[in-house]
Amino acid sequence: MSVFDTDIASGWLSRDELDNARERLPMIYVEAIPVRVDDHGNICDLGLLLRPRPDGSISHSLVSGRVLYGERIRAALVRHIEKDLGPVALPRLPVNPVPFTIAEYFPDESVSGFVDPRQHAVSLVYIVTVTGECQPTQSALDLRWISPHEALSEDLAADMSGGQHRLIIAALAHAGTI
Amino acid sequence: MSVFDTDIASGWLSRDELDNARERLPMIYVEAIPVRVDDHGNICDLGLLLRPRPDGSISHSLVSGRVLYGERIRAALVRHIEKDLGPVALPRLPVNPVPFTIAEYFPDESVSGFVDPRQHAVSLVYIVTVTGECQPTQSALDLRWISPHEALSEDLAADMSGGQHRLIIAALAHAGTI
Amino acid sequence: MSVFDTDIASGWLSRDELDNARERLPMIYVEAIPVRVDDHGNICDLGLLLRPRPDGSISHSLVSGRVLYGERIRAALVRHIEKDLGPVALPRLPVNPVPFTIAEYFPDESVSGFVDPRQHAVSLVYIVTVTGECQPTQSALDLRWISPHEALSEDLAADMSGGQHRLIIAALAHAGTI
Amino acid sequence: MSVFDTDIASGWLSRDELDNARERLPMIYVEAIPVRVDDHGNICDLGLLLRPRPDGSISHSLVSGRVLYGERIRAALVRHIEKDLGPVALPRLPVNPVPFTIAEYFPDESVSGFVDPRQHAVSLVYIVTVTGECQPTQSALDLRWISPHEALSEDLAADMSGGQHRLIIAALAHAGTI
């Protein structure tokens, strides 16, 4: 991810240093599930980023990224949403700064079921309403909006990796839409 | 409250029947704390309704009202917000349908510290972001926006009744603004 | 449910009056999902009450009951847990008095998906750890402990009515066990 | 802190490496507010660790510590509770793995109001019921149990540092005890 590299290049930690730290310390991440809601706050659609996999298939993933040294969690969320959804997505962060769930990623799948081969990451996961136009940027091919019903399908589960589909289920449960 | 009477007149329960039920059954209420937020979701201001008290002083209160038979909680919230803040307040209900706190009102103050001389009411309390123009209607004189700092003051505590100032403190704690 | 009748007989509301109110006012309920946990707070088992259905099949249901006039929510929870699980279940109520989810039951299934033919009920749903011996009483045949894995099965979904299986899914999502 | 040193010695990170990482990466912490509750889950007392300050005064603090590489959050919580409260405190972790609040500590007080001169730490804060005997160990002189009423006092605020008193207020608000 180039922006990620830029963050690092702009002075926090060199790539080597980061790689080294990743083998020794848990990293802290934020993840966001972008949603569109109706006038009563019910989720109409969830947004997923489409990214090519090395094998040519398409993976569906969440907005996600690292919290930098000195950065507030809310600022990290806004930064990663802008990075992935473009500058006019107009996200509305929840008033409650506590994530609706926490995902603990480990290189070894057996620990928690959430997998990240690169690192141990503690990820704070938020549902974020977007009210503007999303223009996926970076390495994402596109943003796909799906209904809560589609979001629960086995098909989608197969298209998400690292255990992220469980976060979709948890989000819909949290929103009372399951 | 005239709208409240209208609800009743329009067919759910006569005033006598409601008074009778109130002596026998807990009533279910919703309360909303209207807030304005910045781009990162931090609370900038809280909105309080100003209402004249019989003794000539001014009370500060929350948006509040009963859930009607057959009505969804979210619909009751929207209805009472429109009733108290006008039709263009543009409220944004949270995605999570669970209230951030519950207030149990009783005629007897010693039970929970929340008092309603008329009834036992179980009140589901929400923080609701408003993004439009608020035009207080009904029996309210005005809507006053106050900062989180002012909201925690002893002065405000004295201007709120029934224990509602505790809900303000709980809201700010929930929002990480205390 | 005899205890329920006793509550009423002991002075709050006659059966006729209650039936009448049920056609006019939302009733407030509590529901509890009893769980057993390990030393780290992970859910090991969920407890479901087995009850005969009129057609001879067995339904699986949650601990559930009405909040009475004048009664605190926590007291209603403890009362219904004792009623359904016996006097030595040793429930440990969560410190947070806010339910993990709210179920809105209506006679008409299309409103929310939660159905109660008798009434409109707003149900506050809690996960409650039990640390003692459960001795199902009342109309329940037995209490069955099932694993989180079994709890998510289609088979169980078919054995629960009124939409309660969705509450099981929501509970496991809330507990990070999905 | 010897246990902490042992963790490090046993292979995660040398003290020098940790100091170095602390200047570049946010660290992830857990904090616990130990409480004793009544049969209905109401908080009776909160437990605070007493520690001597360099100036001879006594500070009151929470159970707190770092999440290690490869460690689950719940395991870190249990480890730090045992470290600070002894082996027979019998903590009961909440079923919900999401903290009730998050504290973001920075060397610079102006960022969030939570201060840690050593590092940027993202701290997941939990209320943990303890049911056994607490025997404060390590560097703590003693454990002091205080009522919710005392916990809100200005005196206590002066005896806590880094902004931790705000976490006490948030905990009591979360528990409906404010």
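Just a few scattered comments:
The letters A, B, C and D name the chains in turn, as written, and every chain counts its residues from 1.
The rule we apply is simple: a residue touches a chain if its C-beta (ideal position, glycine included) is under 8 Å from a C-beta of that chain, and two chains touch if they have at least 3 such contacts.
All values derive from a computational prediction rather than experimental measurement.
Two chain pairs are in question, B-D and A-D; the one with more C-beta pairs in contact is A-D. Legend: contact pairs of B-C compared by residue number with C-D, A-D or A-C; the interface matching in over half of them is A-D.
With centres set at the average Cα position, the gap from subunit B to subunit D is 35 Å.
If each chain is reduced to the centroid of its CA atoms, subunit A and subunit D end up 28 Å from each other. In subunit A, the residues that reach two or more other chains under the touch definition are 72, 97-98, 100-102, 174, 176. Residue ranges on subunit A touching subunit D, taken from their complex, read 12-13, 17, 21, 23-28, 67-73, 97-102, 104, 106, 111-112, 120, 122, 124. Per the touch definition, subunit B reaches subunit D in the complex via residues 101-102, 166, 169-170, 173-174, 176, 178. By the touch criterion stated above, subunit D contacts subunit C in their complex at residues 35, 37, 39-43, 72, 74-75, 78, 92-98, 100, 127, 129, 174-176.
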